[in-house]
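Before anything else, here's the structure in question.
To keep things simple, chains are lettered A, B, C and D as they appear, and every chain counts its residues starting from 1.
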Amino acid sequence: MISFASFPVQPERGSEYARHFPGDEDDHMDLDDGDFEAGGSKITWPGESITSSQAYMRGHGTYVENEEVVASVAGTIERVNKLITVRAIRTKYNPEVGDLVVGRITEVQPRRWKVDANSRQDAVLMLSSVNLPGGVQRRKLESDELQMRNFFEEGDLLVAEVQAFFADGAMSLHTRSLKYGKLRNGQLVTIPPILVRRLKSHFITLPCGVDLILGLNGYIWVSKHVKESEQEGEEGFDAEAVYSNRNDFIDDSTRIAISRVANIIQVLASHFVPLTDTLLLEAYEWTVENDTDAKGLLSEDVGDALVATIAARA
Amino acid sequence: MGDSAKIFQRLHPRAYLERFVAEDVRPDGRPFDAWRDVSVNVGSISTANGSALVRLGETTIVCGVKIEIAEPELDAPEEGFLVPNIDLPALCSPKFKPGPPSDEAQVLSDRLNEVLASTISLSSLVIHPSKAVWVLYVDATCINYDGNVFDAALIAMMAALRNTTLPKATYNVETGLTTCSRTAASPLQILKTPISFSFGVFDATLLADPTAFEEPLLDTTVSVVVDENNNLVSVVQSGPGVDSGAEDTLSTCISAAKSRRVLLGGQIP
Amino acid sequence: MASISTSKAEISYIRTGLLSNPPLRADGRGLHDFRTISLETGVAPLANGSAHLNIGKNPHDGGGGTEVLAAAKLEVENVDGHGDGVNGGRIVCTVSCSPSAYPHLSAPALDDLQQDMSTLLHQTLAHPSLHPPNLGILAGKKSWLLNLDCVVLADAGNTYDALFMAARAALWDCKVPRTRAVEYKASSAAPGAKVLASGEMDVDVGRDIEAQQSGFDTRSIARAVDFELPDYWDEGEVLGGSDRWPVCVTLNIAAPPPSSSSTAPCVHYLDALPQEEAATPLRLLLVFSFPPSSSSNLQAMRILGSGELESNQIRDFVASGEQYGQKIWNALNGKLKEEDVRRGQKARDRFARR
Amino acid sequence: MAFALDRRRINGPEDSFPPSFDLDASQWKLGDPRKDRSPADIRSIFLQPGLISQANGSAYIETAKTKIACAVYGPRQSKNTTYSEMGRLNVEVKFTPFSCVRRRAPMRDAEDRSIAVAIHQALVSSVRLELLPKSTIDIFITIIESDGLEGCVASGSVAASTALADAGIELLGLVTSCAASVVGKEIWLDPTEEEARLAKGTVVVACMPALQKITSIWQAGETKVAEALACMDACQEKCTEIHSVVAQALLESAKI
């Protein structure tokens, strides 16, 4: 019922903890071409000058200081022929148009909702960019503005697509397709956004009857699988289903599968393994083979074993 | 009062009062110069060294006196302290918010402090010169705010002070501590018992003892403080007087106050 | 604790999971399972006793979980005159929540939250029934003031259990410096004061005694009593009453929706995640201490959150709460003894290596 | 008691101390029977709803040495808070400086809040807040004279519930509250401050007798589990009696 562990033992301060300084190397590393292609990605820290700015062009995560390209984030250096960028390890989500994101409503304002999408600013969802009950083409009415909370209210989770950016850099979202809208029948897992790669489709269905929505902003919705036919078709669109807060009946096996998948994602994320649909499939099969239940995944050794096998196969 | 009358009172208070004044009567049925009745009972709070509950019509004030010991100021080694304060909590009226004292409470505290300064001789509060003196914390709390809080608070504070007893205290030179005896106690020496009478002027008519509804509509307020020998302690008038020619407003107020003081004298225990 | 924002769909998902048969929780744990708890004592060398505790830390990257630091610091207080010391010493508990643990709370709300936690901790641990015997120094003169300060660094649910366990660990680890009474016998002629107890040493008379008399009148210093620490290096004796510092069990109660048949029993579960706390606001806090000699004592009980219970439901919850409390007590004591051995070992290594 | 110079009040000397008296002879010894009351007796309650004219609802309660006035304002627009589907119940407690044996600084302190939280817990589930979105009900409680924290919490809850009913706010049921402390082997109901200090542990129970539901238990001190449950039952039973006193008081005030 209850178990105690001890904190990982910090390396004993004292003699053997000699901090290895790079000695008196010249102030910026001489990057020849070989360094990048060797696959061993270089890690840098803010303030370390990477190369002279004549030869290379400056990308994200760097700045130019007296003709030198200097890193401004701690992360891995990536070079695309003449462009140098530093990709940070842990950072807020940098949105791009067309990205699929999962967000939570924080505020209801006149004719729009503010959505927390794990980004620098709250995203904005305009009333005009939301499917209204009574068919997709219906024009926005006065009464819609008055009953905005019937559609989305504070705390609701939704999946949407980045439609455009405002002048101040805030995202403008839209849920103008039947795939998008309010989320139900499941639970949310949050992982660092850098681990979610751009995939063909961010809607994944696992064989065990679990649907996954990989938000590029690191919010992942794990829910019960909804069969294609049941999905609200074009003509079958009714507001009652799309904006209802009631979950459908979820049988126990699906619920167990959902918590198992959620724990898998948690374990993979804590090992900094980027998520792809194939990877998730393999991980799920591994847990089925070794019949580890969701709780087992929380323990350290089972988690490490899972990651080891996945890394070996990838 | 029917609902429509209440709505009319809320929407047009000034017109509402004018209608009444035209009929020589006030919304609560009193004639212009009538006072709400006063009830005072003392000593009801066991944790205070002296206490009083005063009801002036609906306005209810509870006042308690707590005594403590402190070192006197360097420049006044032979004088104790008298610290009056009034608190208008959010409980007594919707116009007050919880938190530090509102402006009205601060003004009332200052006015009360001025009047009370002359009522007790601070030198009678000495236990041991320049070492230990009594501190009288006179705290009044308004339970129900229905206008004319200054009059009610002054009565409450005076009644509480008259009800206060000081235990016999001896100052021990070595230890620097004062111990008080549980049995022997003596009442406070009160020099005088001032009572305040407030009036308000509304559309050139003089109203005595204004209620919470009438107060915001008054053009001028007059407060006359009279002691038991019918001497004036303080007179405050803010706003223009009524030039009705016959007699100046202030003098009418003073004579009304003096006659009322005689009637009221016996009521304070 | 303070509910994070959750959607109605998530709340109903969690509630149906809890109320279904067999009950299912979001992370697969059983109703009465705790997340792994990491505990370490003696983390703050400047404090007389300290502990660092985390519930539900992710074993791989070490992140997440409810993180609490507790430290006990002793100070000297004057009992005589106007000092607020009390004969036999006193304890003051305060909890402070770091804003990083509650980013969604405004400053006043954060103050209220940490004041509520401090009140519960103080009213329970500073109660006379738990007062340790060795917090007095000199009767009527000096006494110890034990400040137990806890900091909530991160809140992933179940904060009260974490606070009480960390507090118990810090008090278990607390050492009270040994003191020895010292008497001054000032001979009427000699101007300075001579120390009887520890040889010829011109000792500066305590500041507060001097303040009372003028500097010249030395005749009146007949008998001034003070104390000194005989040995600076020895950390002192263990704080008494270490077998009585209580542990807390938080029973989160998921009541079936009123519409359904009221016969469905209320489900109680332990060690709730923030989302679970938001889904089931009603909680019963039970604080038990299990002295070796007698049966268990109930040191505090609170109902938190909006909701009501019937007396027989409370009776069952208290009974099962007592059993969970016993398990937590035994597990925690085991870990504390382990920590003593480990730190004893580390101390010996440090001496051995030099 | 040193306090910062508050220019909004008349300030006395920098720090002043309460008088210390010579020793009090009469000490109650453990095992003696309870003074002037049998263990299961509670002090007689004087309850007067509707004494504050401008409040929506108010009540004044007096049990021997505990005197508490309570006013309810609202439901009214809740300012500067985010949208909330459920109404908010805001309880504020204030001690008058002369209410305790040792003078209390008029500044807000921790004890005010701990009593406010206890009373809020007792009442929050009895008020139908779901009918009042975006609005707040303010309950202001002024403790004129206090005879022990337990008494203040118990009487404060009863006064607040009566004031809510007096204000015509929809309630699931009236909340009444009673305290009990374990002294030696006996359970004394409605303890005074002195009796509570002698007790090993005290329990304050708030419940809705009409629905036989307990809304709050506030237990402090060291008691055996059986003792605590016995206190709970005794308190719940007494709450039913208090409930009839409250109902009677409300009916009378409605007649006038």
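Keep this in mind: a contact is a pair of C-beta atoms (placed from the backbone, for glycine too) under 8 Å apart; a residue touches a chain by one contact, two chains touch by 3 or more.
Protein names from UniProt, one per chain: A = Exosome complex exonuclease rrp4; B = Ribosomal RNA-processing protein 43; C = Ribosomal RNA-processing protein 42; D = 3' exoribonuclease family, domain 1-domain-containing protein.
Just so it is clear, the model here is predicted, and its values are computed rather than measured.
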**Request:** In contact with chain B and with chain C at once: which chains are those? Just list them.
**Result:** D
**Request:** Please work out which of A-C and C-D is bridged by more C-beta pairs in contact, and write that pair.
**Result:** A-C
**Prompt:** Where the CA atoms of chain A average out and where those of chain C average out, how many Å apart are those spots?
**Reply:** 39
**Message:** Using mean CA coordinates as chain centres, what's the gap between chain C and chain D in Å?
**Reply:** 28
**Fill in**
Distance between the CA centroids of chain A and chain B (whole Å) is 68
**Prompt:** Distance from the CA centroid of chain A to that of chain D, rounded to the nearest Å?
**Reply:** 50
**Complete:** Within chain D, the set of residues that touch 2 or more other chains is 17
**Fill in**
Each of the following residues of chain A touches two or more other chains, namely 154
**Request:** Mind pulling the residue numbers of chain B that touch at least two other chains?
**Result:** 177
**Message:** For a test of understanding, state which residues of chain D touch chain A in their complex under the given definition.
**Reply:** 82-83, 85
**Prompt:** Touching chain C in the complex: which residues of chain D?
**Reply:** 17, 110, 113-114, 117, 121, 124-126, 200-201, 203, 207-208, 211-225, 228-229, 232-233, 236
**Message:** List the residues on chain C that touch chain A in their complex, please.
**Reply:** 5-10, 12-14, 16-17, 20, 22, 24-30, 32-40, 52, 54, 58-63, 270, 275, 324, 327-328, 331-332, 334-335, 338-339, 342
**Prompt:** Which positions of chain B touch chain D when the two form their complex?
**Reply:** 44-48, 51, 58, 60, 62, 64-73, 81, 83-85, 87, 89-94, 98, 100-101, 106, 109-110, 113, 135, 137, 139, 141, 143-146, 167, 169, 177-182, 212
**Message:** For a test of understanding, state which residues of chain C touch chain D in their complex under the given definition.
**Reply:** 82, 112, 115-116, 118-119, 123-124, 127, 129-130, 289, 295-304, 306-311, 314-315, 318-319, 322
